[in-house]
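The same chain A turns up in both complexes below, where it pairs with chain B and then with chain C.
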Partner chain A sequence: MPSWPTETKYISHDTTRIDGVAKVTGRARYASDIQAEGWLYGMILRAKWPAAKITDINLEPALKVSGIKAAVLARGQEMTVRFYGEEIAAVAGTSKQACLDALRAIEITAQPLPFVARENDAKKASAPQVWPGSSNHPEPKPRERGNVEAAFKDCAAVIEGFYSTPVQIHNPMETMGNTVSWTDDGLTAWSSTQGISSVRDGLAGALKLDHSQVRVITEYMGGGFGAKFGAGAEGVLAAKLSKEAKAPVRLMLTRFDQNLAVGNRASSFQKIKMGAAADGTLLAFEAENYGTAGIGAGGDGGGGGGGADIPLPYLYKVANSRVKQSAVAVNAGSARAFRAPGNPPASFGMESAMDDLAVKLGMDPLELRLKNDPNPIRQKEYKLGAEKFGWKEKYRKPGSSKGVVKTGIGCAGAAWPAGGGNRNTQGEAQISPDGSIEFRLGVQDIGTGTRTVIAVIAAELLGLTPGQITVKVGDTRFPPGPGSGGSTTCPSISPTVFDICTKALEQLQTQTGIPDARGKNWFAACKKIGINPITVHGQWRDGLSSNPAGGVQFAEVEVDTETGQVTVKKMLGVHDCGLIINRLTLESQINGGIIMGMGYALYEERVMDDLSGVVLNPNFETYKLPGIADVPEIEVILVNMPERGVVGIGEPATVPTAGAIANAVANAIGVRIGSLPITPAKILAALGKVPPTHA
Partner chain B sequence: MKNSAPENPGAHSRRTFLKSLGTVAATAATAQVKTVAAELEKANAEKIIGPDAVPVTLNVNGEKIKLLLEPRVTLLDALRNYSSLTGAKEGCDRATCGACTVLFDDAPIYACQKLAIEAQGHAITTVEGLAKDGKLNKVQLAFIEKDALQCGYCTPGFVMSITALLKKNFHPTADEVKHACAGNLCRCGCHPHILQAALKAAGVEHASKTEVVTYA
Partner chain C sequence: MKAFQYATAHSTSSARELVGEKGAYLAGGNDLLGLLKEYLVSPETLVNIKSLPGLNKIERGEKFWTIGALVTVAQIENNAEIKKVFPGLHEAATEIASQQIRNVATVGGNLAQHSRCWYFRHRDVKCLKKNGDLCYARNSENRYHSLFTGNDCISPVVSSLATIFTALDATAIILRDGNELRWSMAELYADAWSQRLAHNSLQPGDLILRVEIPLARSRSVFLQASEKHAFDWALVSCAAAAEIENGKLKSPRVALGSISNVPHQVAAANEFLNGKVLDDAIATQAAAMILQGAKPLEFNGYKVPLAETLIRRALLKLKGDA
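Up next is the complex of A and B:
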């Protein structure tokens, strides 16, 4: 079995990003920065109805607008619209302004249809069917083990709670989109994507091209979080426009488009009943959950499904349990995979219920977790975290904080059972006689530091410095790599780079006779390889990576009981990450997960107007992301487990945050806010200071 | 392209005249009515620019860029779509994300909210113009060292906001940094490192609070 070195210079240390200079100087070219020769601007016309029958679309007036070079239909002259913002047509022209004029000129004949925008309304038998002929809310299939009814009778304490989470929107800072150039030689797409291979396959499939005719390039991209795996309607439209206009087309979504049509995290409405023996041992669990993935069950990507199902009872083993779940279709954009699909809502519901049960049992909620969490790593993480956080000293009974501004603490756990390496990952390195070495992998760096990971590992194994390693990623002409999702990227590429380096050293030995080409021998060995560079091919190897990953988080909050304002004072994340490759970028990723979880806990929610079927907040002024002033001190404990090999961390870091914050709020004010986001209005209503608004 | 724009287009435009009108009219009422009417007539007689493209000269990173733009083209679009300066990013195009932040005579502005024609006669600095002779500025260096970036799409905007802050405040507090970055969003969640980087650029070192513990 291969194994990672134990004495290291770069692995598990801090290495600054090798593409940092490109990013801070503006030299890095993102998909939205590509200026292909003669490029045109592309833009999409979207439905202004949540449901409609379109009987005619007239593109002629758009084509008459000065500067417009092409106009294409999204589906056909006739189509059924199922959500506000659905793609109808697209135009390409010499300027953004020309495109805006052209979109206004397109004539549409349509008949609005009845629609339904809210989960509760959609469940009613009388509701308009989102997909005519099939129910909006198919009968849930229960999963059952043990004898739930009998077990509840044995419980010393039973709680019943209702916990709900909103539709959350990915909102990467760079919207989705591509620059596509389609010529007789084939198609090139510069894509803002997490999966160059899946975009290539998607474009080839939709446009009936051979895979070999499609090349996808993603040198830099501005975040994805699960939404950016496929070619997307916008990619296919850009290609069609390019073909018609005989010019490259840059089609990036607007921020509005992004919020309406390209994915989100499904909502959840969890009715949980749970009971335990007097010592806290969980005996019985029952949950009914529904949520909406919009019009779809959710497009899937490398990060798992984007459906409405969530894993309950999540981290805990309960001998007697019954779980019923279902998705509710509504006239809204479809869900997609979103950082740890299913897990943040499950963690919020379950961890809230755990704290409610602890109150009923008169137990410290941390003790209740230690009693019931079967995972030894999380057990250790809770103990490490509690000590660093000062849990024992800080914990007070819920609601016992005095004064107008009340403080509270809470904790929650995470698991990410997927992850692990993609066995099909390949890569190559070209070594030149001058000692330069270039790695090429068909993976993409979505901001997690993938390029730097490759450089760190190669430098370590070859005895060079990360700066001496050239890394090329983000091109389907390179050996195939994984999509960046599901915490799989690092465990996929690290063993692959290991394999390439091992083979490179073997080949250098055979070819040059120098027994060990590493470090100080490197340049001498390379000099002896002859005139032509050598290219070494490698692939993923077993035994160097693993899964799952988990973690726990602790939150401390202040709640102003006069304004309802929640301020997160401190977050502590304790995460296991196998062998740490680059401590610096790992810390960034964990911070990022926690901050995204804060948004889920306190600010983010897609708001639909049930009377018009319109998304009311498809922009940053009304869809709130955490800003720098909202972010508290974040401390991280990394549990290094090199014996497990490389483990991904992207997902688990965002899972427990909302549950921990919600529990801290409940601990502060003594009342449970069971619905995310925890807004001032909900706090004041829970305290009886304002009448409740209907959610 | 030949530029026929006036050397100093901001000097006495209809816009500046009308802007001053408010105060003038309020303070010296009827006596000036006649003059005002005459001035208005003159202003209206001025050539209305657009909707067709007009020559525009921008002073970006110390260089003059001459473009032919419809008057409705924003400074951000002028940079990103009509020249090769794509460092300033578009995240929303409506004054909410800060990805497009550039310096406008040393003050940070949203380039998506300024028409290119209005930016004439001012010194524009984009992220591409910060490094001098290939040497990164302090903020850029600190961003790399503190890993204040992940995808990097928000980075040019944050770097510009903090560079602007440090031009007028050499030793900002953490709160002042947060205030200066209040108009910038980062979805990757780099805020703690961005704060550390800004303080580091101002000479204050903050050690990472991350602890590595071995499981066994």
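Up next is the complex of A and C:
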């Protein structure tokens, strides 16, 4: 069995990003920076109605707009619109304004249809059917074990709560999109994607091309959290426009587009009943959950569906449990995989219920978790975190904080069942006689530091410095790599780089006779290679990575009980991900996960208007994300477990944040806010300060 | 946006001439460009007024200060004298948007900005304020909307400067066809109270030249409550200003933003406070007077206690207690 070195110079230490300078100087070319020769702007016409029957689309007037070179239909001359913002057609032209003018010129004959925008309304039998002929809300199938009714009778304390989470929209810093050039020689797409291979396969499939005719390049991209795996409607449209215009087309979504049609986290409405024995042992659990994935979970290749089901009772083993859940269709953009699909809502609901039960039992909520969480790593993390956080000193009974501005603390746990590696990952390295070495992997760096991880491992194993390693990723011409999702990237590429390095050293030994080419012997060995560089191919190896990953987080908040504003004062994350490769980028990823979780806890929410069926906040003015002024001190403790090999961390970093913050708020004010985001309006209402509505 | 002519004016008279009846003045452009891009307005001409002489100055006078309409919010924020003389104005400036926006946003533009109602701003919704038949907000998502209105539109005024200027009893000087009109803040927004399509009383071609702030109130305060801690609109904002003589309030003014389609003030409350020694009970009583008659809708009722809190806190801070 191969094994990672135990004495390390770079692995588990801090290495700044090897592409940091390129990024901050603007030299790094993101998908949206690509300017292929003769490129055109591309833009999409979207439905103005949440539901409609389109009987005719006339593109002719668009083609007459000065500067417009192509116009194509998304589906056909006739189509049924099922959500506001659905793609209808697209145009390409020499300026953004020409495209905007052309989109307005397109003539559509349409008959608006009845629609339903909200989950509660969609459940009603009288609601318009999103998919005619099938119910918006199919009868859920219960999952049951033990004897729930009997078990509840044995409980010393039982709570019933209702916990809900909104639809969270995918809003990476760089929107979705591509520049596509389709010529007789084939198709090249510069894509803002998490999966160059899945985009290639998607484009090839949709356009009926051989995979070998499609090349996808992602040198740099501005973030992806589960929605950027497939070619997407926008990728296919860009390709069709390119073919018709005979020019490269850059079609990056606007922020408005981004908020309508390219994926979101399904909502959840969780009715939870839970009971425990007097010592806190959970005995009975019952949950009914529904949520909406819009018109349906949109499995856009690679990233999974992002459906409305959530894992309950999440981290806890309860002998007697019954869970019923179902998706509710509404006329709105579909869900997609979103950083730990299903887990943040499950964590929020379950961890809220745990704290509510702790109150009823008169127990410290941390003790209740230690009593019921079967995972030994999290047990350790809770204890470590509690010590560091000062849990015992800080914990007070809910609502006992004095004064107008009340403080509170809370905690929550995360699990992520995946996180292991993709066994098909491959890569290669080319070693030149001058000692330079270039790694090529068909993976992409979505901002997590993938390039740097490769350089760190290679430097460690070859006895070089990370700066001496050249890393090329993001090209389907390189040996195939994994999609960057599910916390699988690091455990996929790390063993692969290990294999490449091992083979490189073996080959150097064979070819040069120098028994150990590492470190100070490196250049001497390379000199003896001969005229041509050597290329070594490697692949993922067993025994160097594993899963799952997890973690716990602690939150400290202040709540102004007169304005309802929540200020997060401190977040502490204690996370495990096996062998730490690069501490710096790992901490950065946890920081990012916590900040994203804060957005989920306090600010983010897609607001659907039930009268017009539109998304009311398709912008950063009212789809609110945390800003730097909202972000507290974040402390990250990493539990390094080299014996487990490499494990991914992307998902668990964001899972428990909202639950921890919600529990801290409840601890501060003594009342549970069961609905995310926790806004001033909800806090003032929960404190009984809001007067009755004027009819 | 639709194509437009572009011209730069070097005098107020040429600005008026260039803008005609279907043009718009362009200064910081923060509000105007958003309106253009969403096709909410489509002026034939944009008249760049950034080069108009004399309008970008803050001038100290013996009885009042003059702030030119082209003074940026950042200029106000960074002016050390303003921080001393009109602390509430300084506080209001610091709360506005982001640093980047404050660097270019002007006083005139802040006062003249249009509704932020998410129905009004939505490209595919035709609400009352866009000459449609229905106030969607009244019947649907009204969490950010008004508690008071004089017509059937419930989109609130969001100008933070209007709120503090109201409390400071400032006068706006408007150029209308060669004549200078002197308007109180109440007059500047009067049309928004009475007419659903209006968001202020300015007519096409009207140009805000400057604002005069009397030196009658040495104490002033601006408080804002938002969902986020920075770069977020106020859910409610509150300004208060007064003189305190022998411990008693003199000429107090309290004004609120984001709860009415005009800067909300209640004359009776100002009179009630006059001559009073401030304490929590007085402040609470004043707040009740100011909020009397509020008509909360389904989702904006929280603005009532929020406004009550801000009024109380602003008054106590005025006194120096908070």
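FYI, the second predicted complex is superposed on the first by the 683 of 695 C-alpha atoms of A that agree within 3 Å, B and C clash if a C-alpha of one lies under 4 Å from a C-alpha of the other, contacts with A are read in each partner's own complex, and residues count from 1 in each chain.
Everything below uses one rule, namely that a contact is a pair of C-beta atoms (placed from the backbone, for glycine too) under 8 Å apart; a residue touches a chain by one contact, two chains touch by 3 or more.
Remember, predicted model here, so these are calculated numbers, not experimental data.
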Touching partner for A:V690 - first (chain B), second (chain C), both, neither: second
Which superposed partner A:Y600 touches (first chain B, second chain C, both, neither): neither
Touching partner for A:G627 - first (chain B), second (chain C), both, neither: both
Contacts of A:T679 with chain B and chain C, given as first, second, both or neither: second
Comparing the two partners chain B and chain C, which touches a greater set of residues in chain A: B
First, second, both or neither for A:D610, with chain B first and chain C second: second
Where chain A meets both chain C and chain B, residue numbers: 97, 621, 626-629
Footprint of chain A on chain B - complex, ascending: 70, 72-73, 77, 80-81, 84-94, 96-97, 99, 126-128, 130-131, 136, 140, 143-145, 147, 149-156, 159, 177-179, 181-182, 184-195, 208-216
Chain B contact footprint on chain A (complex, rising order): 12, 16-17, 19-21, 23-30, 32-33, 35, 41, 95-97, 171-175, 220-223, 225, 252, 254-255, 377, 380, 384, 388, 446-449, 576, 580, 583-585, 587-589, 591-596, 619-621, 625-629, 631, 633-641, 643
Footprint of chain C on chain A - complex, ascending: 48, 84, 97, 100, 562-565, 567, 602-603, 607, 609-612, 614, 616-617, 621-622, 624, 626-630, 679-681, 684-685, 689-694
Chain A-facing residues of chain C, complex: 1, 116, 118-119, 122, 124-125, 134, 136, 139-141, 143-144, 225-233, 235, 295-302, 304-306, 309-310, 313
